[in-house]
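What follows is a set of structures for review.
Presented sequentially are two complexes of chain A, the first with chain B as partner and the second with chain C.
Then we have the complex of A and B:
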């Protein structure tokens, strides 16, 4: 009996050891393949030039339109998400602080909203676009991506805000400040590290998402100057180029994938770094 | 001075409320918006025909979503079978058997990997999984396959779900009180018996939720699957034949949907279907998580 127990323990340990390391291996392998394939195809020309004539048949040029386009789109969407999301997150944690049940219900609904796939947001954005009389453009893309990333921003920010002790608010009220002043000057400041993490998380999602902008942002070889021009994005540029039968065009898709992955890694790492740095201002 | 403060308090308050109410109304708006666009097709066909018919001829006005629903379910189940046990055991190892250092290194790495865009997973699938299926896996079973298949879709989805599910499972296991584990160990249980009888049992609702949310994520994933699944209309049992999941249908046909009557409303119906299914799965399993978090 005792040996069976020990044997079973060894077996379970072995299986779980294998599972853990194969997960690590698969994920590292993924990064390795994407980087090794892409870095070979990557050049300064790819990053810093627009597609030129015959680009999609293997001609000269690069993916600057998609890089700048993604950046514009994501910055716009993040600004919109902050305008809607930050007040909402503060409201949950200041005005509703005594209503635990309401808070939990709101969090529950927002979490469910987080799980809606981006293609649904894309289809909804398309409906909205028709309703507002817009055509596929930077503005329509920004609105759609903003809808997608706002719940993420709110929940990520809220996760930090909810750890702030109630006493801090009470101290602020007792000094005579209004709820708004408390929210903006005390709670927001206290949650600044969380805000930066949430901001970068939302920004990263905005850059990386393809399915939501497929309908709404259009595609172009130029960098948009106004809000009603179509815009190219990195994920879509990867997607379109990869479906080409020409090898050189596919190579560029690999290069674009490296650029995108690099941006995302940069954003995640700097989110970690910055949130540690700003955590210093927190009153404990 | 006081008046300015009071007015600004009021204005900011309105702004905050507006933001929150808008967010809470968003799922309703999405549902209504999609239903509004899908109404022509829901009115013109019976729901049973739409969901269970296999006849998909948009030109003739026949819209049967069965092949798409079948493909979606197929790749999702495949992804679940491939990733769920792996994630469960990996989470057990990282939280119970492995060194604490390993977990501390892995947590941020998993977090970062969860943020990698799906199109990158798709690129990886095209580079690695598709050729592997075509050249090694399919011949092993004596089948010819281009590699763009349900199996490839399932594998890519499984890999995409790993960071997501693993993250949730680790969180679940970390919430289990140390005292309980110690009580079990002090009664002479081996580590594995403790895992079996305490960790798994106590974390069961959490494990179920992590799996459920993983399924929901896989079901709605678009670009990565679209790139490797082949996109051919077919109901086939073999994992080596191509499929055509719902999200891929929507993403692939947005260009021509305005030229065929009712086609746009059929695609919006597909989006509505995805939305409703995934919202229900999410609301159901999130409820579990919130129940356990409150305690």
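Then we have the complex of A and C:
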């Protein structure tokens, strides 16, 4: 009996050990492959210049169009998502406070939206784009990516708001704050670390997604100046270069992947750093 | 430079003549609080005398916290609660005010069961209420922070770390910080809901002694489950049971010679 228990424990420990380390291993392997292939082709020119004629056949130039384009698109989408998401999260937590059923249904639906593959958002965004009379452009891309990341943002904000203790609000009100003062000086401060993490999470999802912008953002070798122009993105830039029959161009795809991975890592590290920094005052 | 009449409350208080001092600071008339499920407070009528410690006693769930929260209308935060009746604070019915509610609430400092400092530094916690009052003068704020932290005996412990987060203090220190924060807005009343239940014996003693000093200038309404604390502090005891006030009066009468069976039972179980 006893030996079986000991054996069982060791087995469980072994499995969790393997599972944990295989995840880390896969991540490191992925980074190794991307960086070892990509760093060869990466140069200042890749980052700081636009593709010149024949770039996709091995000509000169870089992927500045995609770097800036991705940035424009994700920033735009995140702003749009915040504009929709903040009132939505507040609505769930303030107006619906008595209607637990409705609250939970909405949360469930948002979680379901989170799980929908981004190609479906892409297809929906495409239909919406035609419906609105737009063509593939920065604006259409922003709208589609915003559709993709808004549920994530709302739920993440909602989770933060949910954890803010009502006693903290009582303390603020009893000191004589109005609702606005309580929201800005207490709830905002208490939630700031969480809000920043949520924001960067949504931003990261937006910058890395290819499928949602496939039909809606278009592609261009230039940097768009208006919302009406098509825009290049890093994921699509990788996709196009990787589909090339030319070895050199395929290597450049990895260079673009290095840039994208670097951005994603940067976002996650700054999320960590910022949330730590703003978490120091949080009341538990 | 504009100076602000910070001591106006004190001045006003000095002007109050003796006779007015005898009138209750809070008068509750026919207060009802109910939810869809049922009544929490049933037709409460109560007068709270000035500069006394009034202790609310009663078994768990009898409505003590709800009564405290109706006094400064924190019941507003719980939309499911329907409140009716009158709660006169110095003659003004707080249940009827709308625009002046923040100012009315500043007449009452709140201490909750567990301390909830604001998510800012120690200094800013005490300065918070002053800033809400529109006081911007840095020296004035610094002075008030120091005075109030000294008052609760926290100054020496925190004077070198005023900019640290308030959550870095121990629970006992946090509770004293919350008291200092409340005192800084110069209330007339302190609402204390089991303020020592999360504290160690030493911190509890500190708070109790503070209350004894503070009643010179403040009216204190204290909810407690500790009968000995009630004996130590109370000038007036109110015993509640299922949303009703069953007995009230001088602690010697209430605690030594209870009239009703429920109170007798409560006192026996409590000891």
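Keep this in mind: the second predicted complex is superposed on the first by the 240 of 284 C-alpha atoms of A that agree within 3 Å, B and C clash if a C-alpha of one lies under 4 Å from a C-alpha of the other, contacts with A are read in each partner's own complex, and residues count from 1 in each chain.
Simple rule for what comes next: a contact is a pair of C-beta atoms (placed from the backbone, for glycine too) under 8 Å apart; a residue touches a chain by one contact, two chains touch by 3 or more.
Being a predicted model, the structure only gives us computed values, none of them experimental.
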Looking at A:102, would you say it contacts chain B, chain C, both, or neither? Reply first, second, both or neither. neither
Could you look at A:270 and tell me whether it touches chain B, chain C, both or neither (first, second, both, neither)? neither
Looking at the overlay, does A:43 come into contact with chain B only (first), chain C only (second), both, or neither? neither
Please work out whether A:168 is in contact with chain B alone, chain C alone, both, or neither, and reply first, second, both or neither. second
Name the contact category of A:190: first (chain B only), second (chain C only), both, or neither. second
Please name the chain, chain B or chain C, that touches the greater number of residues in chain A. B
Touch test for A:181: chain B only (first), chain C only (second), both, or neither? both
Which chain A residues lie in the overlap of the chain B contact set and the chain C contact set? 178, 181
If we count contacts the way the header does, which residues on chain A are in touch with chain C in the complex? 97-98, 165-178, 181, 185-186, 189-190, 280-284
Counting only contacts in the complex, chain B reaches chain A at residues 5-6, 8-9, 12-13, 15-20, 22-24, 26-27, 29-30, 33-34, 36-37, 85-90, 92-94, 96-98, 102, 106, 108-109, 111-113, 115-124, 126-128, 159, 162-163, 166, 190-193, 195-196, 213, 216-217, 219-223, 227, 247, 250-251, 254, 267-268, 271, 274-275, 278-279, 281-283, 286-287, 289-290, 294
Touching residues on chain A, where the partner in the complex is chain B: 5-6, 8-9, 12-13, 15-20, 22-24, 26-27, 29-30, 33-34, 37, 83-88, 90-92, 95, 104, 106-113, 115-124, 126-128, 130-131, 147, 150-151, 154, 178-181, 183-184, 201, 204-205, 207-211, 214-215, 235, 238-239, 242-243, 253-254, 257, 260-261, 264-265, 267-269, 272
Which chain C residues qualify as touching chain A in the complex? 69, 72, 74, 76-77, 79-80, 102-103, 105-106, 108-110, 112, 114, 116-121, 128-129, 132-133, 165-167, 178, 181-182, 185, 191
